[in-house]
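After this come two complexes, each holding subunit A, first together with subunit B and then together with subunit C.
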Partner chain A sequence: MRCVHLFDLDAVNPLGDAPFRTFLAGGIAAGDRLLALFAERCGPGRFLVHAALGGSFPGKYSHGCVEVSPKSFPTLTDVCPGAHWFEREIYDMFGILPQGHPELNPLRFHEGWEKRFFPMRGDGSPSPEPRRGYRFLQVRGEGIHEIAVGPVHAGIIEPGHFRFSCAGETIQNLEIQLGYQHKGTESLFTGAPGMRQLLLSESISGDTAVGHSNACARLLEQVLGTPAEHAAEKWRSVALEVERIANHCGDLGGLSTDIGYLFGASHFSRLRGTALNLLMRLTGNRFGRGLNRIGGIGPRVPGIGAEDLLTELARLGSEVEEAGSVLLEAPSVVARMEGTGRLLAATAKTLQIVGVVGRASGRDIDARRDFPSPCFEEHPPRVVVAAEGDVLARARIRYEEMRSSFRWLSKVLSSPFAGTSSPHAGPASGPGRRTLAVSVEEGWRGEIVHAAIVEGNGHIVRYKIADPSFHNWPGLSFAVQKNVVSDFPLCNKSFNLSYSGADL
Partner chain B sequence: MDFLLHMTLYIALAPLLSGVLRKTKAFLACRQGAPVWQPYADLWKLFHRGIVRSTSASWLFDLSAPVVLGGTLVLAAATPLHSREVPLPMHFVLYIYLMALPRFFQTLAGLDTGSAFGGLGASREAAVSAMAEPALLLSMCGLAHLGAADPLNMFLSGLPAETALRHPETILIAGTLFLLLLAENSRIPVDDPATHLELTMIHEAMVLDHSGVDLGMIQLASSVRLAVFSALASGVLFPKALTLPVYLALPAALLRLSLFGVLIGAVEAGTARMKLSRVASFLMVATVLAAIALALQYAG
Partner chain C sequence: MFESIVGRKRKGKATVSLPFGNLPEPFRGMPVIDPDFFYGETAETCARICETQAIDPKAQTLDLGRCIFCGLCEEACGARGIRFSPDPHMPYGKREHLVIGDTTPESPIADRTLRSLLGRSLHLREVSAGGCNGCDLEAQALGNPVFDLQRFGIDFVASPRHADGLLVTGPVSRNMKEALIKTYEAVAEPRIVIATGACAISGGIFRGSYAVEDGVGSVLPVDVYIPGCPPHPLTLLSALLGFFARYPGKIPPSFPTPRT
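Coming up: the complex of A and B.
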């Protein structure tokens, strides 16, 4: 299975600082992407930093780790800028200082938290230096003013603080301060593998329940040696695509609302509802919760036959096609979106931007093709890439992805489902050795990575989740630079990142 | 008596215009929408509420809402709605600057509370109104000239009571006034009155700190302002409606305002809001239209 990879950690020796750095720099230079960078406490006062890389060659994974002192380690952001937020996270959770990090602000624990609170550091390590407070970048000059928005917003959305430094209307710098949703999710995943992890994975980011639970289910299955059969895998991928369609519809509706384009707003909001209702009939929940079990899918899935689903999808597909072509060809809409919030291809590559936003900025990456799950290996998806990197490109990518999802679904649903979809009956056992399992899935927002370090008996000691939002939030700051303040909500909507998924 | 009828008509019909506008938008978006008398209910609610006031606000803030409403009502008193006679005839240049008065106080109030959004909205509002001024001046000038009456007095009362088709320049002036109506009343494509996004707001950002009775006054003033512009533009297009006897003129006024409600609603439903940087060229179009109208008048 190419969407999950197991590394035998017993056979791997931690690298030194310099070789680890060379490993990371070499991988990035060769065009690999950083799937996840995370620390692990492997004993009292002993810490390892793991890096998982993935290449665009189908299913190519590599892993390196380094033993670091409880105090600090040399930063890797200079050789791999995509590691920027990962290192801030390591500092916040473990209290290990990335020496030389360009902007070491707290990611999660702002003023109000205990300054020596490092939840994953554990006992037995020397007490770390107290965390310094958050320092916003100061922009100076004539006519520069600051606008502070949030963390409480004028709408039912998640909390996050945005600090703009503007010269008149033009944004000179945007600083995004998240962390208001931190809930210790990753620590909750440790322990014996079971249904608990699956349920947790569905609430990592409420709009990506299927994506995250697919990644989590496959990881647990590979670790326990109870892989799902073909039919179950197929329903998982079908649910994933229906979830993608629902969210892309919602995003196009949201973009229309933000520019005051009534037609798009009302039709795409309605179509999102239709797609969610399909997901409801398929999985029993509008957001796709309860789809997965370890080794298969839930007892009441699918609640709708392949033929009925095909008919419903065909109807939805033609409506999406019609509404999308009206929206994306309306002159006032194109004029509003074109050239707004441009994220340059070079920036996207450097920052390791993933998913829809990455593909709109010329990144030819899609986990469905690069790390295919069995169903996508059998029926490869069409990957849509654009070069412009503006709001219009991101809207068009969403529309085109929906169209190819509809085509893919009609192909897959009319082919036979082999085997049973109910959970594997065989006995579950651990991998026998200390193992790092990496599972990748292309959620609607982008590449979802779940990584787990598992003891020989199957006990999970460290679970790391990299939601696409975590990669993409820094990109938003770059996309809005030199744009006008009044365009920010539109740019933000075109990224549509999860706060919850980034604040794990 | 005439004064009372005129003012009552404006205050009574202005919220209806907003209601019709919103209903049209809802209808075109395939939604049911709120009933057309919803704006009256909103006003009633707001006028029965207390005021929450920022601790950093000064007397300027308290003064702004009454001045905004008062200034707009004076404007309404000078704009014909059901007859050529207006209770308060005035020179067109005075008229233009009376239009600016409520906006000036609104802008000050936006700056007064010291919130980032108020300042942002105030600076945008000032920019838009400055860019709209040439078009406004030229179209009023054209209007006064069209009347061929004493421009020192009543600029619309002297309008020829003929169909607009005889005078192409009247259509151009009405077009200019419609573009100005969109820009001056924070409608799409210049501003989005329905948005919840503080960072994109123009007019709404300035009134974020107002509440209760103050907000009620400001909303009523906005409705009356929209009615004033609609009455002006429709008066140019249908000058005969102003010469009808009272029992016909009142339904005609209602009809004209409703027609504009539908028209503005349709424009809003079919267009996306433009980039802030393009508002200048939008208003430039209005200015050029007004200039052509004026040139036609002098040539003819």
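Coming up: the complex of A and C.
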């Protein structure tokens, strides 16, 4: 299965600082992308930093690790700018300083936390330096003013703080301060692998319950040696595409709301509901919770047969097609979206931007093709890429991806389902050796990466989640530069990133 | 322009009417406790598999404020103790109204003063305080043409200064505690606090984490808890209307029935 990979850590020697840098820089230069960079406490006062790369060809994974001192390690952001936020996270969770990092602001912890509190540092390390406070970048010049927004926003959305530095109406710099949704999610994943992790994975980002739980389920199954059968895998991928359709509809509705285009707003918010209701018919929950069990899918899944689902999808598909073409051909809509919030292809590549946003800026990456799960191996997806990188491109990518998903679903649902979908009975066993498991799934926002370090006794000692939002938030700051402040909501909606998934 | 008008005309009305019935299977809504739950090992079997300690095998109760509706207990007991019905109506109210066992407590109605002040015009400020966004999305969905919350005179507003109360989601992350309290203080009295979803009620699946407050109740006085993970928009709607005595079946005889 090319969507999950196990590395035998007992057979791996940590690299030195210089070879680790070369490994990272070389991998990126060869077309791999940074799946995750994270630290691990492997004993009292002993820490490793792991990097997982891959994707330059289908099923390509590579791993490297370096032992770092409890105090600091040389930053990797200079050779791989996409590591920028990962290093801030390492600092926040472990208290290990990435030496030379260009912007080491806390990512997770605000004022009010104990300044020496680093939740994953554990005992046995020398006392860390107190955490530095958050320093906003000051833009200076005549007429420059700041606008602070959030954490509580005007709409019904998650909390985050945005600080704009503007000259008149034009945004010169946007600083994004997150962490408000931090709930210690990764720490809750440690321990014996079981349903607990799977239920948690459904709550990493509520709108991506299927994407995250698919990634988590496959990871746990590989670790326990109980992979799901073909039929179960097929329903997982079907649910994934229905989730994609629901959320892309929601985004097109949200974009319509932000430009005051009521036709699009009301139609797409209703169509999103229709798609969510299909997910509910499949899984018993509008967000697809309860889809997965370890080794298969839930006993109530699928609550709707392939044929009925096909009929419903055909109806939904034609409505989406109709509403989407009206929306994206309306001159007032095109005029408003075209050229707005442009994220240049070079920036997207440098920052390792993934998913819809990446593909709208020329990044030809899609985990369904690059790390295919069994069903996508059998029925390859169509990857839609655009070059413009503006709001319009991101809207068009969503529309085209939905159309592809409808076609893909009609093909897959008309083909036979082999094997059983119910979970395996019988005892599951761990890998017996220290293992790093990496699991990748293309959620509707983009690439979801779950990585777990499992000890020989089968216990998970470190669980790392990389939601696509984590890669993409820095991109938003670049996309809004030189745009007017009033276009920020539109730009933000066109990214539509998860706060919970980034803050964990 | 013309296409959009034609599109609207062709679609017709999409809004649901009151009262609504069950949702299609296999929706996991209001749990039904069967007599078997009270005999033998059934309650223990259900409690053992529950990851949020929603089931108390001694008291033989199920706390909907902790339940994340995952369905594992139903699977463990073969649906003989607990089974999830497709009914979106759930108990709401104070904490004790959410604990069900051999009897289900009746959900409360707001007192006369609150009903006369807010019953026909309720403006809420939504605060997402550390959740996964699931509850927020369902609260947002209340505004779409299907649920159309505004027809009842209820709406979400941008500023707490314009609001009669808060609808809070999430376990209250430590990073959101201060912002939540400030938002609450900005709402004029009389104000109500509604806590929505397992996280906001008890911390849900995140209970016990170093970074959360295990629910809104430990930070603010809560008037109404609404269970679910996340609550279906119809669950939210029936609780909001029920609390203000505006849901059919919850309406005292002297009240006019709302038009839907």
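In the analysis below, the second predicted complex is superposed on the first by the 503 of 504 C-alpha atoms of A that agree within 3 Å, B and C clash if a C-alpha of one lies under 4 Å from a C-alpha of the other, contacts with A are read in each partner's own complex, and residues count from 1 in each chain.
Just so we're on the same page, a contact is a pair of C-beta atoms (placed from the backbone, for glycine too) under 8 Å apart; a residue touches a chain by one contact, two chains touch by 3 or more.
Just so it is clear, the model here is predicted, and its values are computed rather than measured.
In the superposition on chain A, no contact is made by A:Pro416 with either subunit B or subunit C. When the two structures are aligned on the shared chain, A:Asp258 is found in touch with subunit B, with no touch to subunit C. Legend: residue contacts after superposition of the two complexes on their common chain; A:Ala335 is shown touching subunit B, with no touch to subunit C.
When both complexes are overlaid on chain A, the residue A:Glu322 reaches subunit C alone and has no touch with subunit B. Shared-chain residue A:Pro489: touches subunit B; no touch with subunit C.
Counted by residues of subunit A touched, the larger count belongs to C, out of subunit B and subunit C. Legend: residue contacts after superposition of the two complexes on their common chain; A:Pro126 is shown touching neither subunit B nor subunit C. Look at A:Ser187: by the touch rule set out above, it reaches subunit C but stays clear of subunit B.
By the touch criterion defined above, A:Thr283 lies against subunit C but remains apart from subunit B after alignment on the C-alpha atoms of chain A. Shared-chain residue A:Ala148: touches subunit B; no touch with subunit C.
The interface of subunit A with subunit B overlaps its interface with subunit C at residues 154-155, 263, 266-267, 270, 330.
The part of subunit B that touches subunit A in the complex is made up of residues 25, 28-31, 116-117, 119-120, 123-124, 188-189, 192, 194-200, 268-278. Interface residues of subunit A, counted against subunit B in their complex, comprise 145-149, 154-155, 168-169, 256, 258-263, 265-267, 270, 330, 332-333, 335-336, 340, 484-490.
Those residues of subunit A whose C-beta lies close enough to touch subunit C in the complex are 108-110, 112-113, 119, 151-152, 154-159, 179-185, 187-188, 195-196, 199-200, 203-207, 209, 263, 266-267, 269-270, 272-273, 276, 280-281, 283-287, 289-290, 298-301, 303, 322-323, 326, 330, 498-500, 503.
Partner subunit A is touched in their complex by these residues of subunit C: 1, 3-4, 7-8, 11, 14, 23-28, 49, 51, 68-72, 75, 84, 125-141, 143-146, 156, 158-160, 170-171, 173-176, 178-179, 183, 199, 204-206, 209-212, 229-230, 232.
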